[in-house]
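One chain, chain A, appears in both complexes that follow, with chain B as partner in the first and chain C in the second.
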Partner chain A sequence: MSAITGQALAARPAVSSRRSRRRRRDLAGLLYVAPALALVLVFFVLPLGTTVWMSLHNWPLLGLPRWIGLANYKALWNDKAFWRALGFTSYYTLFATIGLLGTGLALALFAQGTGRAVALYRTAFFLPVVIGFASASLLWAWLANVDSGLFPALFEALGLTSGRVNILATFDPAFWSVTVMVVWKMAGFYMVILMSGLQSIPADYTEAARIDGASALQRFRHITLPLIRRPFALALVLCVSGSMLAFDQFYIILAGGPQNQTVTAVYWIFNTSFVSFRLGYGAALSMVLLVILVALSVVQMWLLRDKEEAR
Partner chain B sequence: MSLALDTPAAASAGATPPRPRRRLRPADRLHRALFHLAGILVAVLFLAPIAFLVLAAFRPAAEAVNPPLPPWPKAGPSLDSFARLDGFGEGIWHYAGNSLIVALATAALTILVSVLAGYGFSRYRFPLKSLVFVMILATIMVPFQSILTPLFLVLAKLGLQNTLVGLVLIYVTLQLPFSVFMMRNAFDAIPKEIEEAARIDGVRGLKLLLRVLTPLALPGIVSVGLFAFLNAWNEFLAALVFLTDERNYTLPVMMMVVRQGRFGSIDWGALQAGVTLMMVPCLLLFLSLQRFYIRGLTAGAVK
Partner chain C sequence: MIIRHFARLGALAAAVSAFAPGAQADTFTLWARADSSTFMPKLVDAFNASQSGHKAELQIVPTNELVQKYAVAAAGGTAPDALSLDLIYTPSFAASGQLQDITDLAKSLPYFDQLSKAHLSVGTYGDRIYGLPFSADSSVLVWNKTLFREAGLDPDKGPTTWAEIRADAEKVDALGNGVDGFYFSGNCGGCNIFTFTPLIWASGGDIFNADGTEATIDTPQMRDALAFYQGMVKDGLVPAGSQTDTGSNFFAAFATGKIGISPSGAFAIGALNEQFPDLEYGVTFLPGKDGGSSSFAGGDNFVVSNGTDKMEAIKAFLDYAYSPEGQTLLARNGSLPVRADVAKEALAGLDERYLIAAEAMANGKTPYSVVFNDLINSANGPWISMLNKAFFGDEASIGPAVEEGQAAMQSIIDTAG
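Our next item is the complex of A and B:
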C-alpha cells in the first residue's frame, strides 16, 4: 500500500497529496468512532454471536463444552417450566401494558396544561420513574410485608380484611401488588412519551372542533387519538418489550413465589444459567426469548404503521 | 430549583402571547377547584410510598418492626436504622462507594466515548460509516438480558469477571445507542461556520472538539451523563450476575442481602434506611437537572 502511494507521489505529487489528505481524514473519522465501535463489538456483537454458538453445546461452567447440535432446542420444546414462565410473562405483560398505557394516557390528558400547579403535578407523577426498579421493588417488599408493612395493616384498619392477611402468600393478590407497583413506578414515563404527541396537536384544532359542536369524546376520538398514534406506538413497543423482560420486581418482592408461579422468562434463564450453571441451555432459552421479542416489536410497529398510512 | 417539568408545551406557551383572562363563571370555578383537588390527590398518591419510606427510615429500633401507621417516628427521629445498616458486610458506605464509583465511571466513560463517536459521525466521512452507525443503534433492539450468559464468558476471558471495571464497560456499552445518537444530533445542530472560523484561527482536531464544540454541545452532554449515571446507579440484574465477591457488591445487590435477612428475620428498619440511601441521590439529581432529563427522554422518543 505504502509502496503504491510512494510511486504515485513521485509521479503526480498534487493528486496524490490530495488523495492522502482525504485518506487521513477518513482515518481520523474512524479513529473518533473507534472506541464506541470496539465496545459494541466486544460487549455486544461478539456475545450475540456466542449465544448462538453456545446454544448448540452442552456448556458447563467448569469443564469442556460438548457439541450437541440442536439437542438444547429439542429439550426446550418439552421444558414445561420454561413455557410456564413464558406464559406467566405474557399474562403479566398484558395487564402491565393495559395498566401502564391506560394510566399514562390518563395522566397525560390530565396534566398536559400549562401553569405552575400542573407542572408540579407532572413532577410528582414522574418522580417514581427515576428511583430505579431495585429500589422500588425493595420498597414494595416492605410495604406489602405482613408483619411490618403498610398494606396488610391498612387493609385491616379499613376493615377490608378480617385480621392481617399476607397478600404475598397467594397468587392473585401477590401478582396484583407487583403490577400496581410497576404502574406506580412507570406510569409517569409513559405520560411524558404520550404527552410529546399531545403537544404536537395545535390548539386551533380542538378549539375549532369545539366551536363546531364536537363533544369531548368526539374530539378525543377524531383529533387526539390519530395524532398521538406515533408516540403511542413507541410507548406500546417499549412497554411490551420492557414487561416481557421483567425480572427485578419478581425476584426481589416475590422470589418467584408463591409456589414458583411468578417466575418470569428472564428469571428462568437466570436460574438455568447462573444457579444451575447450564450455560448452553440458558443460551438456547435466550435465543427463543430474543426471537420472540424482535418478532413482537416488528409486528407492533407494522400494525400501527400500516393503519396510519392506510388512513 | 425549579419544579417545572420542561415540556415542549411549557416552552411553546411561553412563546405564544397569553390569552386574555376571562372572568370565570361559577361553573368554571367549580370545575377548576375539582381539577386541582384531583391533581393534589393523585400527586399525593404518587409521592406517598416514597414519603412513607423516608419517614419510616428515621424510626428507632423499637418502632421499626411495626407497620408504618403513622410512618413518622413517634418518639423523635433516630439514626438507629442507618447505624444497624452499617453492620452488614463491609459496612454500607463501602457499598455506596462501589455504586458511586461505578456510576461516575460509567457517566464519564459514556460521555467520552459518545462525544468522540458523535463528532466522528457528524463531521467525517469514512467507509462503512452508515453501517457502523446503524449497528451501534441497532443494539437497542436486542435486550441485554438475552446475552447475559455469553457476556459472563467474555468478561471471564478478559479477566474482568467479578470486577467493577467489567461492570462499567458493560454499562457504557448499554448506554451507547442512546448516547451516540444524542451526541451526533447535538453536533449536527452546531453550524459548520463556527468550526470553519475556528479552523482559520488555527484550532484543529481534538483541540477544536474540546475547546470550541464541546461547550456548544453541553446540554446534550449533560443529558447523556445524567442517564448513564442514573442507569448505572440503579442497575440490578447485571450487577447480581457479574459480581460474585461480596466485597464488590453495588448498593442494589447488597440490599438483597439485607432483604434476605439474618437468622430468619428481616431488619426492615435497615432496609428502609438502605433504600433511602439508594433513592435520595436519584431524586436530587433529577430535581436539579430535570430539564436535561426530560429533553433526553423526548429527544429519544420523538425521533
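Our next item is the complex of A and C:
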C-alpha cells in the first residue's frame, strides 16, 4: 500500500511532491502525538465537557437528570456555605504557600551543596513526599489524638498546656496542626524544584559578587532570587493550585471540624455530590472552582513573567 | 453438537418445570452492605441449599459505597434485582423512582402484621410499600459491671433515668486511674441519631413530624437532653477525645473496659462477646428523663429494583428469611429477628442480653426523611453541628445551637421538597 502511494507520489511534479511530503511529515507528526492527544481527549476534554453538561442539569445520584439551564449557577451565587468554604480555602492557601515555599527554599539552600551528608539530608527531606496524603493524614490524626496520641501528651509534659488538651477541638490549633503536617509532607517537593534553579546559577556570579564585597544577604537578594524566578514561578503555581484543591487532610484529620470551620471548597463539592447526591450542582461548583484556579494561575504567571522574554 | 446441547437444555428445563410447576427456576442478584457480611452469606447459602428452584447470588458492597455503587449500576441498567439497604435510605430511594412497589407481595405474607413496624414505617412511601424488614439492630445502654462493683454500685442494676446515669457515671469516674464515667462519640451524626434521639423520644419529644416534612428539634426535651450530656462533659465524666470522635471510637471506647456507661447498639453484644470475652457488662434500655425508654430501630430493609423479572425467586427468598429457620440463622449471626411471632424461638438459647435488645427493637422508632443523609449522617450536616456545639459549649450555647439547627434542617427539607 505504501509502496503504491510512494510510486504515485514520485510520478507527480516536484512542487506538489514537496508539498505532499510536508503534509506527510505533518501527518506522521500527528501520528506520533496521537496517543497523547487521545489521552488528553479521553481523560481531560471529555470529562470536562461532561461536567459542563451536568452542571446545566438537576442531576441526582438516583433518578433522572432534568435540564435546568443556568439555575445551578444562579443558586451557587447565594450559597453562603460554598463562599465560606472558598474563603477558608484561600486562608489555608495563603499560609500553606508561605510555609511550603519558605521551608522549601530554606531546605534547598541548605541541601544544594555536594557531599554524602547532603545527599542523605536531601533524601530525608524528600521522603515524606512519597507518602500518600491519606496515609500521612491518618498518621497525623493518631499523633494528635487526645487520648492515645503523642502530641497532647508531649505538650502536657513540656508544660505548654495545662493538662491534656484536645488540639483538634478548637480552630487555631487544629488548623495549624494540619498546615504543619502539609508543610512536613510537601516541603521536600518544592525543595527539589527550587534546588534545580539554585544549581543552575553559575558559581562565577556569586564569586564575582563576593569579590566586589556583596554580603550574603545582598547576594541572595540580587543574584539568587532573580535567577530562580522561573522554577519559583513553577513552584508557586503548583503550590497555590494544589492548596486550593486541598481535601484529604481536612476530611481525614478534622472531618471539616471543629464546627465546620475547616470545610474546603473541594470538600464542599464532595459533600454536595456524594452526601447530598446533587451531582449537577456539584458540577457547577467544580466549574466555578476551575475558573478561579485558571484565573489565579494566569495572574501568577503574569506577575512572575520574564521581563526579557516579554519584550 | 449445538442441537444436542439445546436438546439437553430443553430436557432440563422440562425436568425443572416438572418439579416446580408454575414457578421458573431463576437466579436473582442481591447486594448487601459489608456490615452484614456475617449473616448474609450464611443466609444465602442456606436458602440455596434449602431448595433447587431458585438461586440467590450475593454481592457484598463496602458500606460507605453502597448508595453510589447502586446509583451507578442503576444508571447503567445493571442494578441488582434486590438490595438489602440501610433502612433510613428507603424513603429517598423510593422517592427517586428506583424501587419496585412490593405492596402486594408484602400484604400476601400471612405474618405481615408481625413484621417490624419501624422498618415498615420507613419502607412506606406515598402509602405504598417499597421496603420489607430484613435485618435489625437496636440502640441500648451498656454498663461495665466490674467498674460498677469497684465503685460500690449494684453491678446488676443499670440506670433507668438520666439522673441515675449521671449519678452512676460520677461514682465510676471517681475511681480515677484513667477510668471515665460515660462515653459517647461527640462528633458523629450517625452514632447520635442512633443513641441520643431515643433519650428524647423516651421523654416525649421527636425530631421530625411523621412524614418528615417538618423538623421539630427545637423542643424542651431536646434542650434538656443536650444539657444532660453537656453537664457530664463539663464535669469531666467524658474523655476529652469524645469532642472530635467521628465514630471511630463508638464501639472501641467501651471495649477498653475503662468506661462506666455508654450508649451503644445490639451489634455490640455479639462483638463484645467475641472480641472481649473477659469484659463483664450489662445491657439496658435507653431511658427518658424521668423513666420510660426508647430505642432507634435500625438495620436493613429489603428492597427490589424497578423492572426486575425475578419476583418469584425474590418471594421465595423472603419466605425463607422470615421462616423460623431463617430468623434463627440471622439471630445467631449478629442481627435481631424482624418477625415478632418467631423472635422468641429464634433467640432461644442465646445470650440473655439479646432479649433486651430485641425488646428495645420492638418498641423502637425510626425517623422518616427523604434527606436523612444530608440532615443527619453528613459529618458537616445541621444535626451533628448542633449537637457538637451544644455538647461541648456552655449553657448559653444550647439555645442558639438548637435554633440554628432547626432552621438549617428545615431549609434543607424545604429545598429538597
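Couple of notes before you dig in:
Note that the second predicted complex is superposed on the first by the 263 of 311 C-alpha atoms of A that agree within 3 Å, B and C clash if a C-alpha of one lies under 4 Å from a C-alpha of the other, contacts with A are read in each partner's own complex, and residues count from 1 in each chain.
What we mean here is this: a residue touches a chain if its C-beta (ideal position, glycine included) is under 8 Å from a C-beta of that chain, and two chains touch if they have at least 3 such contacts.
As the structure is a prediction and not an experimental result, all values here were calculated from the model.
Chain B and chain C, once both complexes are superposed via chain A, clash.
By the touch criterion defined above, A:63 reaches chain C but does not reach chain B. In the superposed model, A:233 makes contact with neither chain B nor chain C.
By the document's definition of touching, of the two partners only chain C reaches A:257; chain B does not. Ranked by how many residues of chain A each touches, chain B and chain C are led by B.
Using the contact criterion defined above for the overlaid structures, shared-chain residue A:245 touches chain B, although it does not reach chain C. Of the two partner chains placed around the shared chain by superposition, neither chain B nor chain C is touched by A:186. In the superposition on chain A, contact is made by A:145 with both chain B and chain C. By the touch criterion stated above, A:105 is placed in contact with neither chain B nor chain C.
With the complexes overlaid on chain A C-alpha atoms, the stretch of chain B that clashes with chain C is 243-251, out of 117-125, 225-233 or 243-251. Taken together, the two structures place residues 145, 147-148, 274 of chain A in contact with chain B in one case and with chain C in the other. Residues 3-5, 7-10, 12-13, 36, 38-40, 42-44, 46-47, 49-50, 52-53, 64-69, 71, 112-114, 116-117, 119-121, 123-127, 129, 132, 135-136, 139, 141-143, 145-154, 169-170, 172-173, 176, 180, 205, 230, 233-237, 241, 252, 255-256, 259, 266, 268, 271-272, 274-275, 278-279, 282-283, 285-287, 290, 293-294, 297-298, 301-302 of chain B touch chain A in their complex.
Taken together, the chain A residues at the contact with chain C in this complex read 60-64, 145-148, 164-166, 168-169, 254-260, 263, 267, 271, 274-277. Residue ranges of chain C in contact with chain A, taken from their complex: 67-68, 70-71, 74, 92-93, 96-98, 187, 239-241, 243-244, 246, 371, 373-374, 377-381, 385, 388-389, 392.
Those residues of chain A lying in contact with chain B across their complex are 25-33, 35-37, 39-40, 42-48, 50-51, 54, 107, 110-114, 116-128, 130-135, 138-143, 145, 147-150, 152-154, 157, 184, 188-189, 192-193, 195-196, 198-199, 231, 234, 241, 245, 247-248, 252, 266, 269-270, 273-274, 279, 282-283, 286-287, 289-290, 293-294, 297.
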